[in-house]
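In this document, chain identifiers A, B and C correspond to the written order of the chains, with residue numbering beginning at 1 in each.
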Amino acid sequence: MDVRVSFAELSKTYDELPMFPVFDIAHYILMILQLRNDAGVGAEALAESNALACWLCGMLSCFGGKIVANFLLGQPVIAAFNSTKHIITATIVWYLMFYSPWDVCYRLISTKLGKLLVYPIKEFSRAKKVASGVAQAAVVYPQGFAVMIIIGAVKGTGSLFIRNVERLLRGVWTPTSNEIMSPSATFKISVTCAFLLTVERMGYIPFPPEQIMFGLTMFIVPYKVSVILLKIGDPYVHVERALRPMLFKKRKRTDGVSQSGKKEATKDQKKKNNDKDSKKKAE
Amino acid sequence: MDVRVSFAELSKTYDELPMFPVFDIAHYILMILQLRNDAGVGAEALAESNALACWLCGMLSCFGGKIVANFLLGQPVIAAFNSTKHIITATIVWYLMFYSPWDVCYRLISTKLGKLLVYPIKEFSRAKKVASGVAQAAVVYPQGFAVMIIIGAVKGTGSLFIRNVERLLRGVWTPTSNEIMSPSATFKISVTCAFLLTVERMGYIPFPPEQIMFGLTMFIVPYKVSVILLKIGDPYVHVERALRPMLFKKRKRTDGVSQSGKKEATKDQKKKNNDKDSKKKAE
Amino acid sequence: MDVRVSFAELSKTYDELPMFPVFDIAHYILMILQLRNDAGVGAEALAESNALACWLCGMLSCFGGKIVANFLLGQPVIAAFNSTKHIITATIVWYLMFYSPWDVCYRLISTKLGKLLVYPIKEFSRAKKVASGVAQAAVVYPQGFAVMIIIGAVKGTGSLFIRNVERLLRGVWTPTSNEIMSPSATFKISVTCAFLLTVERMGYIPFPPEQIMFGLTMFIVPYKVSVILLKIGDPYVHVERALRPMLFKKRKRTDGVSQSGKKEATKDQKKKNNDKDSKKKAE
């Protein structure tokens, strides 16, 4: 009974922890880090030539979850810019990560030790973010099962969904890749969390939500640490590999079609190559 | 008088017909069919490798009208996902159309007979959808003539407007084609319907709306059937061909410009080709 | 004191001037002019082949500020289409600018004299538009410092932000350029104006808002006239050039990285060229 009580107490403490400033700052640091890594070599050029676009990309990354969730719920997308406290904090983080002397901040966070310090703090607060999304959706749609899961997942992994817009802002357009096309483990974890919290809200799980959140957090944090240290992969892959053939199995006939389609494509390709060859020969 | 009375009664019956389940299911079937046809060979790859993206594309297709109309009216775009009943029905249709054994559902619907069964049901309900759009807009903007027509048309042909977003979700980006660039006959019919219903709402047509809807439906359904059977084209083309020279006629001066522009373009092309040739010769 | 009083009186008159019809028409004329210039040779083809897309592009250009501001504030984006008076006026301007005989309207406005007549009227009303944006934001977020500046700037330069969407509508997609990437002087002026009006609203400037607006207008109009007559450049460039090294200075280390990155890119390029050459030789 002792363990149970202490778990319940810890869960309550977890639920009551304020997001600002520690968790928010850890979130901002990682979002700007991901932005710089995503932009690659272009990040320095962007930072030097166009600080405005760079700042806006940074803010979109930091407040992506809020922006996308508000967009889906028909609430002001600009609401994220209302809290001066958060905007200023995020701007300071953005400035230090991009313009610190000798790039010292970026380099420190990029080390394995830096990641081991910041990532667990961020992951520690992920379940709280998902819960806030589920709660936000439940206000508008108390019976919206799918809505709660979607908004919860979006709040938990917001910057991933706004990535394409943010890239567009800095002149990079990658239509063939998005979070839905190749979902990350983080996204799948957020969906799981949102699903459990929604089911609890519907009354099907006999545990209070903060215990679900805290229980999940005790899995997420060690998982993320082992990703950094041991480079382990997506744990969902195994489940997917088992379920896919059962649920979404290959169908005989369309396989034939797609193969013949491929064959035709190959033929076309061959023909093209032949045309090219003959052209070259004609030269 | 007898015909008039029975027409009025039929119209009333038509207006009171519930959309769910028959009309909604016919709508879902056709939207998923169009999705698969639009994705072409890529549909099977998508369905097998990424069921989540495939499902989301399916839902966007099924609820496109609602999503776009809500977006334009500043209402939650996610509202379509609130009705668990509709989401589950659409998901079942999506699953059957993509993953049925030997692809039997898709193959059956794709036959001419299948189309002759489902398309008329869908077209039968189109006028009702347009009317619901006009009514939705009239609540927010009772005097918004243009708004009512736009929302009515969007509700009637929603999936066409969300097509580009839906394609982007599965990694296909076609910026040079959209519904506005090359409007389909379906879109023009919806605009006509929305226009008549809006004018009626303004008090300029001495018929009740349900009679306008039913009267239009008695044209749309036979038209669609003859499209399937006889492959007749867009009936609006003739009107457009007559009106275009009158309203949007060629202007002398800019013709000159555009021709000279074209000439220049041709020259440039020639120059390029010459350059290429000379390069090749230089090799 | 005499000058002060008359300035205050003039400011009040300025504040009370109605936007419709003179200022709105000047705005519509310039927006359609910019649309035609942006579309270039394609404008005529668009106007002749697809009047609907052309009209929608025109309306997006004319009401861009309202649409983007409403989108950001979670208000109906279609609200701009609610005012029949404005829509009809904009449609008449659009029609005259695109389809007038011998293109006489477009040609007249395109002359230096035409621009000297219309641009000052438009610039005269810009400060009022920015003020309306700040006021609109202040209703929703009375403490939202950043929100007021953003919405004010967007209202003042709306068509610039909707340009990419508008291009997409006519089948042109330019992901590598947008207003944030290369901000125009107009945009920077609007941001300055929005900033001053927001600071005043916060109570830090001891002048009434209409005097700030009128004072700014007395700079903007002569500036725009000298841009047309003397082709002078962006006045902000000098400030930016002075501030950039101080605030966003080059960092030693990442420069090295980016240079080595460039070197690698050059190497890759060279390698590619070599490959090509060897292929050609192999032929």
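As a working rule, a contact is a pair of C-beta atoms (placed from the backbone, for glycine too) under 8 Å apart; a residue touches a chain by one contact, two chains touch by 3 or more.
Remember, it's a predicted structure, so these values are computed and weren't measured experimentally.
Colleague: Touching subunit B and subunit C alike: which chains?
Modeller: Chains that touch both subunit B and subunit C, as defined above, are A.
Colleague: Any idea if subunit A and subunit C meet via the same residues, over half in common, or different ones?
Modeller: Different, since under half the interface numbering is common to both chains.
Colleague: Any idea what the CA-fit rotation angle from subunit A to subunit B is, to the nearest 5 degrees?
Modeller: The two chains, subunit A and subunit B, differ by a rotation of 120 degrees.
Colleague: How many angstrom lie between the CA centroids of subunit A and subunit C, rounded to a whole number?
Modeller: So the centroids are 33 Å from each other.
Colleague: Which subunit A residues touch at least two other chains?
Modeller: Each of 74-75 in subunit A touches at least two other chains.
Colleague: Using the touch rule from the top, collect the residues of subunit C that touch subunit A in their complex.
Modeller: 71-75, 140-141, 143-147, 150-151, 175-178, 180-183, 244, 247-255, 257-258, 261-262, 265, 283
Colleague: With touch defined as at the start, can you tell me which subunit B residues reach subunit A in the complex?
Modeller: Residues 40-41, 44-45, 47-48, 50-53, 56, 70, 74-79, 81-82, 84, 87, 98-103, 106-107, 168-173, 280 of subunit B touch subunit A in their complex.
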